[in-house]
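Two complexes follow with subunit A in common, the first pairing it with subunit B and the second with subunit C.
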Partner chain A sequence: MASSPVEGSSFPLDDYEALLSTTDVELLKRAWRNEKAAPEILRFETDLTDRIREQIQLMEETVEEKSAAGINPLSISLYQMDLDRAQFLLRSYLRIRIQKIEKYMFHIAKTDELWNRLSREEKSFTRRCTDDLKQHLEESVLSKLPENYQSFQRQSVISEQDDMVPEPQLDTFVVCRSKEYLTGIQLEDGPVDDRQLLSKLFEMEPGVLYFICYKSIKALVESGKIDLL
Partner chain B sequence: MYGRKACQLVKEFAGGEKGQLTPFNSDLFEQVVAECSQHHLELQSLIRKIQEEGLDVQTTRNADHHGALIHHLALVRNKRCLMAYVYNRAEVMQSLLWKIGQVLPQEIEEKLCHSEIEYFKKHSAALRSYMSKVQLDLTVDMVPPKDPYIQVRVLDDIGDGIVLKQFISRAYRLILFYMKNMAWPLILLKTLHLVILDILYKS
Partner chain C sequence: MAGQSDPHLSLFSADELEFIAEDEMVEIVPNLKMDALNLISGDFGPFVPQITTQVPLWLAVALKKRGKCSIRPPEWISVDKLTQVLEAERESQEMSEKLPFHYVEISRLLFDHARDDIPDVYMVRSLIEDIRDVRFHKVETDLEAFNGRTIAVKIKNLSAMEVNIVRPFIRRALQAFCKHDSPELIPDPERVSDRRPQVANNAPRRQLRR
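Right after this comes the complex of A and B.
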């Protein structure tokens, strides 16, 4: 995690930190943190996870080679520690996504925007999950109800839209930080000012922590301008 | 009173310990389902009555219309409760899958209804198939690794070399007992014999 730039710090250090924050493990850590904090599922990092997998394999080979060669155990254990951390990150990242899918599978399956954020494997997992759960619900409840009440998405045929699908709450609050100066963020559902019906615009300074409604920074998280913590 | 039984059903689930399942209350469940059919019958007979009186079902706002509406709302509410009961139980099962693994212990299986047991099997198969596609076991590594070492108690003499490598590759799954970083060189120097007493999986 790069600390906020300190005034007067030397350039080489900045360069070094900039370099550090763009390694794949750091990028994955960022994606992992965002995924963990966001209430909805985010875009799957296909290329990044592929690269991480390659690196993990490389690290495994290195550890094996070194331990076979009987090199200083301390250095091996450092490699091992690095490897363990990378593996944990990757597993945890995939796990968080799968658990989100489990929770909101019907919503994700019927919303194209969310559906397209899944990886190929996640899509087939979601398909299977929704089929299984739908069948379970039908078998235990819906088939026993009168004809007009058998939809798993709607309460009855009278409902005009799907009103029985669990959705993530996008108006929860998240802690976030921006990398650059952002302006003109519209805070939704803010107190309506009687004198001027102009909704308040919000500014974000780089490196400062904000506690803010997810909905109003959703687009900025998706475009990678804001990191969640 | 309309909807009371369904409410009881949901309360029973909500009253249980979080993340735990109570036995599937098929008795109460069937009663609620029966109540739904009863509501539907009465709803239909009221609508028929409106039609027989030659009134338009869509626009009539007489006592029969409001009676029918009450039956409809009670039915929909019952449906919500039934769905919530089954759906929330399914969610608990999903989380159990992560906590206790693919095989249900006998005492939990007894609490499930037939359809739920089937669902658990199917869902765990779906998860297994995902994990084999991504070639990663997601059920391990549930907590961040802190230390590449494991704590074990010395009991018996196990050969070195191979054993050490296995330890390294499994380190994140185990709990250290008393050896810290110092243990490694000592083991390599064979001043310490390493033996597993019991492997503690982190819950």
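Right after this comes the complex of A and C.
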């Protein structure tokens, strides 16, 4: 996809805001929102989730120590709230991914690009899931059908593609916001030819919201230039 | 703690939007002495009586609930500022840029937990409701301008809650336009005439099912 970000006039954030935006919680929140908004599964944030997990564990220990030492219960309850918020984010992030895996497991399992986006745990989950579902489908229905209709991936042996595998719909519309000035976004790709008028290159101003086809900005989401919301 | 939203209804539940907005910073004036908090989400404090400090909204609300601070309402929450915003919203079809992205959630949280810290709270509240209505009306008229040639919609200064509410509609509308516009679905008269009987071609069916 042709996209050449132009060095735009990026407004210098004041130090305070810059400091805030770099916390891992903030990064996880971004990953969470992107994952929620994207139709397909995105790359698993291995390092980020590891760091957050460590911080959560550390904080759990700190809270325990503090409450054992009988320190100000107010401050302990505030630490606990902060901990709850971080845990909620992490759990919600992992759950959305599991929901997507459950929905599109066969598709993910056979598509290398998607498969490589999963974490180790998610891979083993997907493997178990696909095995179980396949076995279930075969035992309960497919084995009782005529020979030509026994595939769990295809309607029948004459199907040209795997037409019984649910796939995420990538030409859906999402809301997104860019951090910098972007130009040269190809809005329509693929063999749609009666749209010269519209397939002109699209520009994005920073901070403005756009409803746009996910397929056109997929690469920019993956490279972190655009946030979904 | 907010539950997981059903992704089929709306992307973010009201609780999740509130959760996001709770990370916005506000100024508080504590009335207790407490050491700085080194939280996962950042370091805040130390808290000294009568000395203003910046904390995230959730922390401010937690302290406020326990009577340990008063919250300084953000600058835009005042009768003066909001009256200006309302006028600007009424005068122009553009959305005013004077309100923060989470203005609905922030004002709701403050009305629920810190009414006594907001001067003229009833007036402020009704102003915000009016602003919401005017803005919604504008979004709705904007949506009428959609047509089959719309492939991307740019909306300046739409707030988080507004995005969430119009998202399902806009998404379905744009998708429907896209689908009906797609040349693959428009039957080609030549092809129809010499259509071969029931070839194993699943492509059109796949299109429709989506």
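Simple rule for what comes next: the second predicted complex is superposed on the first by the 206 of 229 C-alpha atoms of A that agree within 3 Å, B and C clash if a C-alpha of one lies under 4 Å from a C-alpha of the other, contacts with A are read in each partner's own complex, and residues count from 1 in each chain.
The working rule: a contact is a pair of C-beta atoms (placed from the backbone, for glycine too) under 8 Å apart; a residue touches a chain by one contact, two chains touch by 3 or more.
None of the values given here were measured: they were computed from a predicted structure.
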Touched partner set for A:Arg85, first subunit B, second subunit C, both or neither: both
Which of subunit B and subunit C A:Arg95 touches, first, second, both or neither: both
Partner chain in contact with A:Lys110 - subunit B first, subunit C second, else both or neither: neither
Subunit B versus subunit C as contact partner of A:Leu145, first or second or both or neither: first
Partner chain(s) touched by A:Leu74 [first = subunit B, second = subunit C, both, neither]: both
Subunit B versus subunit C as contact partner of A:Leu137, first or second or both or neither: first
Partner chain(s) touched by A:Arg128 [first = subunit B, second = subunit C, both, neither]: first
Superposed model, subunit A: greater residue contact from subunit B or subunit C: C
First, second, both or neither for A:Lys36, with subunit B first and subunit C second: second
A:Gln155 touches, of subunit B and subunit C: first, second, both or neither? both
Those residues of subunit A which subunit B touches in one complex and subunit C touches in the other: 74, 77, 81, 84-85, 88, 92, 95, 99, 155-156, 158
Residue numbers on subunit A that touch subunit C, as the complex places them: 16, 19-20, 23-26, 29, 33, 36-37, 52, 55-56, 59, 72, 74-75, 77-79, 81-86, 88, 92, 95-96, 99, 155-156, 158-161, 163, 169, 171-175, 187-188, 192-194, 197-198, 202, 208-213, 216, 229
Subunit C to subunit A touching residues, read off their complex: 1-2, 4, 7, 11-12, 19-20, 22-23, 25, 32, 34-35, 37, 39-42, 54, 58-59, 62-63, 66, 68, 149, 151-156, 158, 160, 163, 167, 170-171, 174-175, 178, 182-183, 200-202, 205-206, 210
Subunit B - residues contacting subunit A, complex: 33, 36-37, 40, 72, 75-76, 79-80, 82-83, 86-87, 90-91, 94, 98, 113, 115-116, 118-119, 122-123, 126-127, 129-130, 133-134, 136-138, 140-141, 144-145, 147-149, 164-165, 168, 171-172, 181, 184-185, 188
Contact set on subunit A toward subunit B in their complex: 63, 67, 73-74, 76-77, 80-81, 84-85, 87-88, 90-92, 94-95, 98-99, 102-103, 121-122, 124-125, 128-129, 132-133, 135-137, 139-141, 144-146, 149, 152, 155-156, 158, 164, 166
